[in-house]
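Two complexes come next, and they have one chain in common, chain A, joined by chain B in the first and chain C in the second.
Up next is the complex of A and B:
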């Protein structure tokens, strides 16, 4: 079985038409579905939050069969992820894509669980502490993309679960949980 | 059919009359009724297409391609009445009256020596027909007595070609009449006859050439008869050499053309309709050789080549093809998604083509490297351009999918439906996905 780093690739990764955007509707839908699953699964296991369309992304080329996805195909697959709510474009020109292998709501729940498990219900933390502090080590929150984290925190703020207060710099941003 | 009074006209599958040897169409009129008050059992001939040829008046029903049809030999006409110019005739449909000699029991005799005379009235209801021109041609053909020279040809022909049917170079099924050489010659002859008689002496050589050409045509007919009998009687015992020469002969015969091409001059307003029928008759043979489907451009070339000097425009060809929808003909025009247009038999089935493409695409080599249009062309026995259309159609049906790479444009058997999106690592141990996997991993 072919591997990409420590990631186990499916068999059809060596099927050349998998790398050509199929024009026929039924075939294309199935192809897109398979790409969606693969992209999300790969990003989840490799903890990848952002895919740059103009950068080399290991999943988008297969040196064994000498095939790689065209720019058009990459954008098509990511656009479908975006319309499914599993990704977001970070810029208007669609050069960077944020991959949400957990939706924002799911991330928010993960934060709540993390707070409860660590008994932090009424305490204050900086955003950086959540991303890289001792408490989050070994959890999914460790190393989380800052943009996603802020979106999840804002969602929780709207629900009254916490309050975000801004510091003088971005590093100083903190949260006061009140669960 | 028209009862026992008139003889029926043999029609081709597209509904065009089968002409006699050396018979040429001269003029067509639409919506013509034939009436005869002298005979009680005269058939009901209403609203048909009347074709004037050098030998006969042919009446073919308008309503369906296989409907009633009748022929009146010009030989049986004893008099053509000149049109009456009266005040009444301005308002009524124009009529042409002619006298026929018939045998006592009411049959039209070929010889023109019947014992009774009856008057037949032709009522022309169609608009825009130039009746004067028609009448002139009618007179010319009647006086021309082309059937007498024609008959002489047939008799001499059947003497030299023992056992051949009198249908001459024409086949009963209405396939292409491959005597374009004689068609051109006839045209030559007509022109020549109209020029000054005094020039005749100067053209003695041409006369000699013509008699030689007649022999050639006779030879062609003989060969053709041989080919026809050979292909039906002993296909098993065909030797290679004979097959080769047969192929050569058929190519040669195919290229000699159509004797009486439909022209704007002869058909007038009915031009496209008649052209359409003639084309339907013509394409049968090329279609058969091309495996049931042929490119429109190829037909354009073949058809015009067969017509010799009476070329048609691409627009006319397209018009003629479009009209097939209205007639009961065995062929149809088909437009691929890519815009390529082809002519195919109505019985032609894509399923068979798809089955063959699928077989090709599941061979081990094809599973590994895919198939190109030229691979398919070799297997299907068609031109690469046509093969590509078949592949694209198969792709649109979901049998194939494409792979575009620096190596080119190739097609693979479609594995996508076999992959389980909920378990991407699962490979069922049957089916083409499994076969592909074995072949693909073996090659690495």
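Up next is the complex of A and C:
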């Protein structure tokens, strides 16, 4: 089985036609399904939050069989993820895609659990602390994409679980939890 | 002076005929009895044999296949009914019904990938993987037998020969001769190109494209435009061993 770092690639990754967008509908649906699962799973295990369509994303080409996905195919697979609510385009020209292997709501729940487990119910933290502080080390929040974190925090703010403070720069934005 | 035929002569002739008939019937009777006796002996021997080698029949696929051959020769079908002597003795009916269900299952699970046409070898491998907890080994012969039993459910399942390989068809697609020839051609590399089909089979371009388009529509082929020479390849999951990918992890 071919591997990418320590990631075990599925067998279809070695079958050349899966790198060409299939013209027949049923076949294409199956193809898209397999790619969708692969992209989500790979991003989850490798903690990848953003895929750039024009960059060298490891899944987009397989040197072993000398195949790579066309731009059209990349956009097609990611568009399906977007319509499933598992991804979002970061720009209008569809060049960068935010991958949500956890939906925003799920990230919000992870934050709530994190706060409860660390007894931070009434505390103040900066956004940077949540992303890279000692408390979050070893949790899923460590190294989380800033865009996703802010979206989850805003969702919690709407529910009255916390308040977001604007700082002078983006770096010292903070939150006050009130759970 | 020779006697002219009279009533006595006619009666004599009739009596002789009756005697001949009686004798004939007797002989026939004896022969039938003998035959019946031989068959009964044979059947009981076969039963003894089956009883004695029950474990071998259940566990050893080669032995099982030979036993089936022997049964066919004497007109006994151990799979004809799940009730009765054979099934009770060997549990062999259940074995094949179980295989049948698993084969249907695998064919359905892999259908999105291979379009409902699967290499018999591949099918066997998947079957073995699924049954790995089971002690009893499964041979290709067993698969074929189980599939032949699936025919009673209608025309859904069929084994077709393409070149040296056997493929199991689980969709009602009619594959014509052209399609078969393409599949056969694809067996060496797993794919064909339009040009290759035209050249190797001496077809016109239209005929090749037509047949390939049908195979695409049926989900039996996939296109690949990614090769650096820019020539479109038509891949056939049913002849490539890659088709194990579905069913294993879903």
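Criterion: the second predicted complex is superposed on the first by the 179 of 179 C-alpha atoms of A that agree within 3 Å, B and C clash if a C-alpha of one lies under 4 Å from a C-alpha of the other, contacts with A are read in each partner's own complex, and residues count from 1 in each chain.
We take it that a contact is a pair of C-beta atoms (placed from the backbone, for glycine too) under 8 Å apart; a residue touches a chain by one contact, two chains touch by 3 or more.
Just so it is clear, the model here is predicted, and its values are computed rather than measured.
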item	value
Fit-or-clash call for chain B and chain C when the two complexes are aligned on chain A	clash
Contacts of A:19 with chain B and chain C, given as first, second, both or neither	both
Chain B versus chain C as contact partner of A:11, first or second or both or neither	both
Partner chain(s) touched by A:136 [first = chain B, second = chain C, both, neither]	neither
Chain B versus chain C as contact partner of A:27, first or second or both or neither	both
Touching partner for A:67 - first (chain B), second (chain C), both, neither	both
Residues of chain A contacting chain B in one complex and chain C in the other	10-12, 14-17, 19-20, 22-24, 26-27, 30-31, 66-67
Chain A-facing residues of chain B, complex	370, 395-396, 398, 401-406, 410, 412, 414-417, 419, 421, 424-425, 427, 433, 436-437, 440, 444
Chain A to chain C touching residues, read off their complex	10-12, 14-20, 22-24, 26-27, 29-31, 66-68
List of chain C residues in touch with chain A within their complex	112-113, 115, 191, 216-217, 219, 222-228, 233, 235, 237, 240, 242, 244-245, 249
Complex interface listing, chain A residues touching chain B	8, 10-12, 14-17, 19-20, 22-24, 26-27, 30-31, 33-34, 37-38, 41, 64, 66-67
